[in-house]
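Lettered A, B, C and D in written order, each chain numbered from 1.
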Amino acid sequence: MSVLVTERSRVIVQGVGREGRFHAAQMRKYGTKVVAGVKPGAGGTSIDDLPIYDTVHDAVEATDANASIIFVPAAAAADAILEALDQELELVVAITEWIPVHDMLRVASVLARTSTTLVGPNCPGVISPGKGKVGILPIDSFSSGSVGFVSRSGTLTYEIADLLSREGFGQSTCIGIGGDPIIGLPMPKAVQLLNEDPDTRALVIVGEIGGTDEEDTAAYLRAFGTKPAVAFIAGLSAPPGKRMGHAGAIVTGGQGTAASKVEAFRTAGIPVATRPSEIPQLLREQLS
Amino acid sequence: MSVLVTERSRVIVQGVGREGRFHAAQMRKYGTKVVAGVKPGAGGTSIDDLPIYDTVHDAVEATDANASIIFVPAAAAADAILEALDQELELVVAITEWIPVHDMLRVASVLARTSTTLVGPNCPGVISPGKGKVGILPIDSFSSGSVGFVSRSGTLTYEIADLLSREGFGQSTCIGIGGDPIIGLPMPKAVQLLNEDPDTRALVIVGEIGGTDEEDTAAYLRAFGTKPAVAFIAGLSAPPGKRMGHAGAIVTGGQGTAASKVEAFRTAGIPVATRPSEIPQLLREQLS
Amino acid sequence: MKLHEFQAKQLLHDAGIPIPKGGVAYSPEEAAAVATSLGGTVVVKAQVHVGGRGKAGGIKAARNAHEAREHAASLLGRELKGLRVEKVLVEQAANIARELYLGVTLDRARRRPVVMLSTVGGIDIEEVAVSSPEKIARGWPDPLLGLQPFEARGLAFGAGVPVEQREAVVDVLRRLYGIFTAKDCTLAEINPLFVVADGTVLAGDAKIDVDDNALYRQPVLAAMKEVSAIDLNEEKAREIGFSYVRLDGNVGIIGNGAGLVMATLDAVKLAGGDAANFLDVGGGAKEEVVKAALEIVLSDDRVRSVLINIFGGITRGDEVAKGILDVLAEMKPAVPLVVRLSGTRATEGRALLEGKPLTSRATMDEAAAEAVRLAKAAPAIAARRSA
Amino acid sequence: MKLHEFQAKQLLHDAGIPIPKGGVAYSPEEAAAVATSLGGTVVVKAQVHVGGRGKAGGIKAARNAHEAREHAASLLGRELKGLRVEKVLVEQAANIARELYLGVTLDRARRRPVVMLSTVGGIDIEEVAVSSPEKIARGWPDPLLGLQPFEARGLAFGAGVPVEQREAVVDVLRRLYGIFTAKDCTLAEINPLFVVADGTVLAGDAKIDVDDNALYRQPVLAAMKEVSAIDLNEEKAREIGFSYVRLDGNVGIIGNGAGLVMATLDAVKLAGGDAANFLDVGGGAKEEVVKAALEIVLSDDRVRSVLINIFGGITRGDEVAKGILDVLAEMKPAVPLVVRLSGTRATEGRALLEGKPLTSRATMDEAAAEAVRLAKAAPAIAARRSA
């Protein structure tokens, strides 16, 4: 088993521009069932052998899809997410960056009334190595195994997955939750999914400055954690008040410091790597 | 047993002006536990021996209330309902008339996310004879028994309850659902409560022109009805396009006619009285 | 409260929905002036609150200012389905390629707004709704979110709006929904929405009904209210605080509670008569309220008898009786009164009425029968007055 | 994007929140003119984006126009916590009875707006939040509903707002929430809200931050943006489409992905150095993007070495290498470059860089250590240039 993405995932692509088409092809190459694209006005045509529908409703009705990945530009992205939520898909992954935060507040309020899992926005998506991916993660970094991996970062995820894979730590599922202040699947919930997944034997958690999700995750694991875990926090050297690339990566009002997050994980008995390269060794120690 | 209002109802009064105070006293006289009033700024005082709180939150925290009755004027009534919903009370009865319909659309959307039953607005409330009342219904018309009574009207309810009581048909619970187009507990749901109540042996349903709630109720009873039932529809002689006192009592676009409602009940095998005075006899026939 | 077409179109315009150029005229001369300023063919449209205005001859095309003047002259002052035409809207005629229907109203059963879109525009949409409901695309947006772009798009696809107009129609639909919520409407409708020969869209006609309960927070709309002579009693009743609706019969009705009054109208009908009005004095009516109600009902010349049906709950029978006695003393009404008092303090009330010039009955059915009998027996008030 | 106090107050005023009378001055003469027109005691306030402006001497009371001119003269042109004062706000002084705190911001963990109200106004609210959190009443309205009157009332009771000001404070709080949502704010704060001697309220100071991602739909606010000299590189980077943040060190950083760049800064720190900047070229960066990034980093005089850390996922190592080679060919940079390429087509990229005037390293840790060593060894650019 794995979480969120499995062999039975049937994915539609919302936004089939250059990026959407490229990644649709990549996902298919990895064996993921990409069943339709959505482009208003292009219904009935096909792009790269992918049947296109005018609406998510039509696409789901025709293909029995249960997941969606969104590449729609920022100004229309919240509408695309709401359209996906309206069809009660199991998983929606929003890749789009720069979505206004008030749009996401509204989306979050709607999301709370649905049973859909929204991953992102501003995220690389989800991969269950060997089973499928709904995202833009480069498959070469990943290998199948039993480490559950949750990360707020994109490229850093690939870097660390690469380190893990090289050292023989394959992954059950990797969830790139996204770097925005308001995201669909916050870190504590993502970690909970993997903590409760029987096929996941250990956890790797990569956080960064901003917000208190890492502290909440540490508190959750302190109470309910059942598996060896290792954490890493990016941004130890980031000065307060500066936004570090991600909209959510900022220390404000003394909140969201890397030091506080490191402290929280250590208090929960979870070792925190000083550098990414230390993670495999710490994991090995935890598992032994 | 009875529905909505029982011996364990603990009621707060939102809006303790002249009308609120009068009916608080009436409810208490009937043995209902009226435990607090809410009046912003008057917290800590008491009115007619009723302790007053600034907010519903404070009142509920202090008194463990599980129901509320609202007399707040129309312009502030939706806010009062939302305040009550926010405290997750079991029952909220809104007496207030003339609430803007868009306010009620918003309330209905919030209501759908709660477990609260909202009765009204523009309604006389609920009485479970002998057990308690949360409403403004005059107790003399009612007597305890096993007839479940749902009505869109106020005074007509009293008139018919009086007829029933005189003929020995006491009531389990009478629900005045209210005459507005958008109400918290539509007729089909109110009837369902009584249909599923083991202590209710027969149903009396009083509808009127406007909307399709009576048709939906008839359809529900046709499929799930388990008890003898009699209906009455007011407004057979009302011309289309004219609003008959209640905001919801209007025939528009050929929809909401009394004839259609009478037809729906008869199709469901439920006799429809031509005049209120026929109801007891029809009920007697149904029960024999 | 219904808005006139020209008022509704002003709201559309303010919300950024394209409308034809035009102006309101109160006289043939003004109509000619508007037509001249517009140039070319115009349409002269009677501004009255009736449906089927076109079929009734209330809309006329004019090729020039001269014709516009003539059409305005023939419409102004005339009665259209019983309502007097006091003004016309003179509009530039459009080169219409096709017509769509757009509407937002309440879905009571779903407790949501319902948004409707159809490519069968221009005709009676209620007929389409019955005969070919599949031709109307419907959506039920969450009022807390409003009509989202994806919902509006879905309706446009569902209704089969041509691809060239899709974005324009989606835009108009979302703006119309915006008016529906911002202006506390119970109905906001564009029928037809013209697709003009050049492919752009234009609101051909518009119907907007505003929630009376919300007029207190819509001062601009409240100011658009017009009181016609026929509604004077309704207006007076509303100011006092009770509901009055003029009907076609001759039995005046007063009761407490909307449902009870409706049932009373029905009882009159069953007894072979027709009510002259609906009048609900509301709950807890006191002496002076009953008096005011009687005055309104008695001011109606058509009334031949009055039926007062009170079931006392919060309302007290003795208070009602006192109000009736006041009117008897002051006005000495020329038509017979039938009173049915029941419920709280009804016995005391009935005692007060004993021996007075009115008929008392114990039940609604009996009272209705008596009021109808008296109305049929009574000569017309006008006749008696002239006597 | 942060607004200046005078801009934020304009938004409050437009939303119906009372603010003191005043005007912006760019010179001592203008300040004196504003003070004269206001009359009486005024306050001269430096308009710069720094916290603790008052403690740093940026706010001064003046009893007359003469003093206002003097205070403006002493403030204008001066640096306040590293930022140059280019304008002052001259405001009528208020007769303050007490001060409240009102704020709306994001609660990330709850994914809701959080509304805060406290009777401990005027001081650093973040300190209060830590030392006596019970003194701040908090509410989390549903963004689909907005801040309801009952919620605002509940906060006023919770914070212990005096009964005389309750309605006014509830009103200001709801209007402030309205600004927060209508203007796409990430922070909207009134601190302090003055309660004036006569019992009315007045926004003493205001802080508004606007979501950069939403500026495209807030043209009025976008036009308020000021680019200070220090931000020129940040602005240039934003236009190209990547994130650049100026930092205090001397090792220039280029990487792909915010998390990876943050980790690279940390690696530099762990190696005993300090980054001069944060620069994320984003995903899938091509040759020309890498070139533009290098140009920005090299334009910073403080930079003594540059560390390029690319983990190729969608980004291809050979494309990155070509961008680096272009810069090497065109600019002949005076500072040493350290490159770490990994992931997709990294082998090809490394092969392209072979034998070029730069240092290649296999891991992030090694690359960081080398960049720090080189920065420490290198003479200042200025020195080299003058040589």
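One rule holds in what follows: contacts are C-beta pairs under 8 Å (C-beta built on N, C-alpha and C of every residue); 3 or more make two chains touch, one makes a residue touch a chain.
All values derive from a computational prediction rather than experimental measurement.
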Checklist line | Both-way neighbours, i.e. chains that touch chain B and touch chain A | finding: C, D
Checklist line | A-D against B-D, pair bridged by the larger set of C-beta contacts | finding: A-D
Checklist line | Whole-Å separation of chain centres (CA-atom averages), chain B against chain C | finding: 27
Margin query: On a C-alpha centroid basis, what's the spacing between chain C and chain D, in Å?
Written below: 57
Next item on the list: Any chance you could list the residues of chain D touching two or more other chains?
Entry: 142, 144-145
Checklist line | Residue list for chain A, restricted to those that touch at least two other chains | finding: 106, 110
Margin query: Quick check on the complex: what are the chain B residues that touch chain D?
Written below: 40-41, 43, 54-58, 76, 79-80, 82-83, 86, 106, 110
Next item on the list: Quick one: which bits of chain D touch chain B in the complex? Just the residue numbers, please.
Entry: 142, 145, 148-151, 153-154, 157, 163, 166
Note to self: For the complex, give me every residue of chain C touching chain D.
What the structure shows: 142, 144-145
Check: If you look only at chain C, which of its residues touch chain B in the complex?
Finding: 106, 108-109, 111-113, 126, 129-130, 142-144, 181, 184, 186, 211, 213-214, 216-217, 243, 245, 247-248, 255-263, 265-270, 274-275, 278, 280, 283, 311-315, 342-344, 363-365
Checklist line | In the complex, chain B residues that touch chain C | finding: 74-75, 98-103, 105-106, 108-110, 136-138, 140-141, 151-159, 162, 179, 181-182, 186, 206, 208-213, 216, 232, 234-239, 242-249, 253-254, 274-277
